[in-house]
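So, here come the structures, one by one.
You will see two complexes here that share subunit A, one where it goes with subunit B and one where it goes with subunit C.
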Partner chain A sequence: MASIDGRRACYGFAVSMGDGGSTMKPTRNILKALWIGSLLLVGGTTSAAGQGSSRQVLTLQVVELNKLYLPSLWIQPFQHSDSIAPHQFHLDWICNGEEKKITVAKKTPGGSLLLRANVLSASGDVVESSVEIRVSNSPVDLLIGLSRSAGRCIIQYRFQEKEAATADFADAILYTITGG
Partner chain B sequence: MKLLVFISFIAFITLTSPDEVSAQIAMDNHTVTVSVSEITLLQVSSGSVNLTITGANAVAGVDMMSTTDQSSSLSWGTNGSLKKITVQSNLAAPLFTLKVLALNPTQGLASPEVTLSSAWQDFLLNIGRTSGSCTLRYTGIAYASQGMGTDTHSITFTIQTQ
Partner chain C sequence: MKKLSVISIVALVAIFGTQAAFAQASATQTVSLAVNAVYKIATSGSPAPLVITEGTAGSDNLTSVSDNSTTYSITQNVGNTLKITAHMDAALPSGYTLNINLASTKGTSLGNVNISNATAGSAVDVVTGIARGADAAQTIGYTFAATASAGTLTSTTKTITLTLTN
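Let's look at the complex of A and B:
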């Protein structure tokens, strides 16, 4: 109710009357009702302050986040002549924490081709590497030195065993941003 | 004949003595002064707003992240002319960028989106002699390079003369 009283003071609505005050009661009541009605209309909501200013507390929080994007690939490793064909794609990331790295691991047996991933054209101060991707529970470091950054690199796959490519297969290769 | 004379006499008395007749009806008057001073009334619908930037607001490869909130509104009333609403934050050096826009004002002209700072900035112009409301659209912006953290703003809206 304190804020309501404040608004009343703010309105500064004054009626001065001479004699015959009793005959003015209906008029005064109507004015009072109109005044209260306008208060409810304008300031009928909850919360802070009143009068000519109002305050709101806003909290903006940025939590730790790590995000990767890479496309699904459909690869025909030895479509062209005898080449050990490279296949490449863009890997995008964003992380706002300190000392992060991107690791890679193959979680399913998939095909029997030996796969190697080379990192090319990495943005920022990221250290590029070339790793062999094997089925393992221990991911290997692909990109290190990520810290509070968003960036992109090219991942180039190279297949190292031509003779094993006999049928279609799917490999699930897992990329992860983790503490470095 | 006597009756005619009597009626004429009564009629004469009635027409020539108005003061005596009016003395039987009470009359008075007084002066009523109504004074309306300048009114400026402003109120936000919610005392607090929370904005959080998470992975859902991020795109891999893009440094900037943002999030918006439109859950609160601002109501005002004023009988003054040439009035505007200004806005200010108490944070002189926030970690992240916070912007506010008056969305769909029922009166007045919304300023372009305001980047909040400790300086007073125009939020809504030409609101004079009206009551009205608008939705408050806050946008929080952070860059990956800025890391993590929390800014707590105390945001003040004020009606001022243009």
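Let's look at the complex of A and C:
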């Protein structure tokens, strides 16, 4: 219907130009131009909009992860007879869960030295603390308020009783990152 | 007389026979031929789940995981400057990163492209300058990374759309 109206309009324009013979040529030219223009328009739109697509479904997951790293230590508490030298090491952690803490416990009864662990230079908002490490089934909190973070601190051991030193012995001190 | 008749018959056959041989009819047909613009892209399926399970104490970046098990193929006759874009149905939360890497022999691969924030309105180019023709079974690589501070992520499905376009 739209094209018929368009044609009428064009012929109307041609008639108003003058006599039939001379006006038919411009009319045809106009019609041809309109036809070519519409073809270009349609073709151009198709080309611009032309595209193909394909889809993939991807499953993503990050599981809860809690890790600690600390070195093994060989400590000689009383190297120098008059001093009780502190021994320190770095403790690294990573946890991506909420409300975690690091606890410490001495798991072996061997040795009678009283050992204190001081937390120094902790990264982030971690509260530094100082705890006495005793043989116990109940670990004590060393670092609390760990949430979705990776960090590092210095653990400094101090022996509290010089007199108790006797011979070499091995102590197993267990650090645990757990729900707080 | 008999001889004359035979000659006449032979002559007639020769004349009319020749005319019959030269007689022919022809008809014409108009066949319209066209090749439309073809943009085809297909993928070989979906990759296995990407699950992050490892990290290093002291480092906020967890150990990333990758998948290169799927491929894509394209066929196009449109031009020599086509490209492939990629986007997801929804952006990833902050702290999670998804990179895509499409190999290509007909175009230029842009390598690892971060599509973590690429959605339908902001698709990103992954291969450009694709020439006419076909490119079959090219590897699609995904790398998923996360930080510890971003937290855990429960199993989440994302729809990745690859689009061949000009």
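One rule holds for everything that comes next: the second predicted complex is superposed on the first by the 124 of 180 C-alpha atoms of A that agree within 3 Å, B and C clash if a C-alpha of one lies under 4 Å from a C-alpha of the other, contacts with A are read in each partner's own complex, and residues count from 1 in each chain.
We adopt the following convention: contacts are C-beta pairs under 8 Å (C-beta built on N, C-alpha and C of every residue); 3 or more make two chains touch, one makes a residue touch a chain.
Only a predicted model underlies this, so the values are computations on that prediction, with no experimental measurement involved.
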Contacts of A:L68 with subunit B and subunit C, given as first, second, both or neither: both
Which superposed partner A:S138 touches (first subunit B, second subunit C, both, neither): neither
Between subunit B and subunit C, more extensive residue contact with subunit A: B
First (subunit B), second (subunit C), both or neither touched by A:S54: both
Subunit C-contacting residues of subunit A that also contact subunit B: 46-48, 50-65, 67-69, 92-98, 148-152
Residues on subunit A engaged by subunit C in the complex (per definition of touch): 46-48, 50-65, 67-69, 92-98, 148-152
Touching residues (chain side subunit C, partner subunit A) in the complex: 37, 39-43, 45-47, 49-60, 62, 70, 72, 74, 76, 78, 92, 96, 98, 140, 142, 144, 146-166
Partner subunit A, residues of subunit B touching it in the complex: 28, 30-37, 39-55, 58-63, 65, 72-77, 94-96, 98, 131, 136, 138, 140, 142, 144-159
Partner subunit B, residues of subunit A touching it in the complex: 7, 10-20, 24, 38, 41-69, 90, 92-98, 148-152
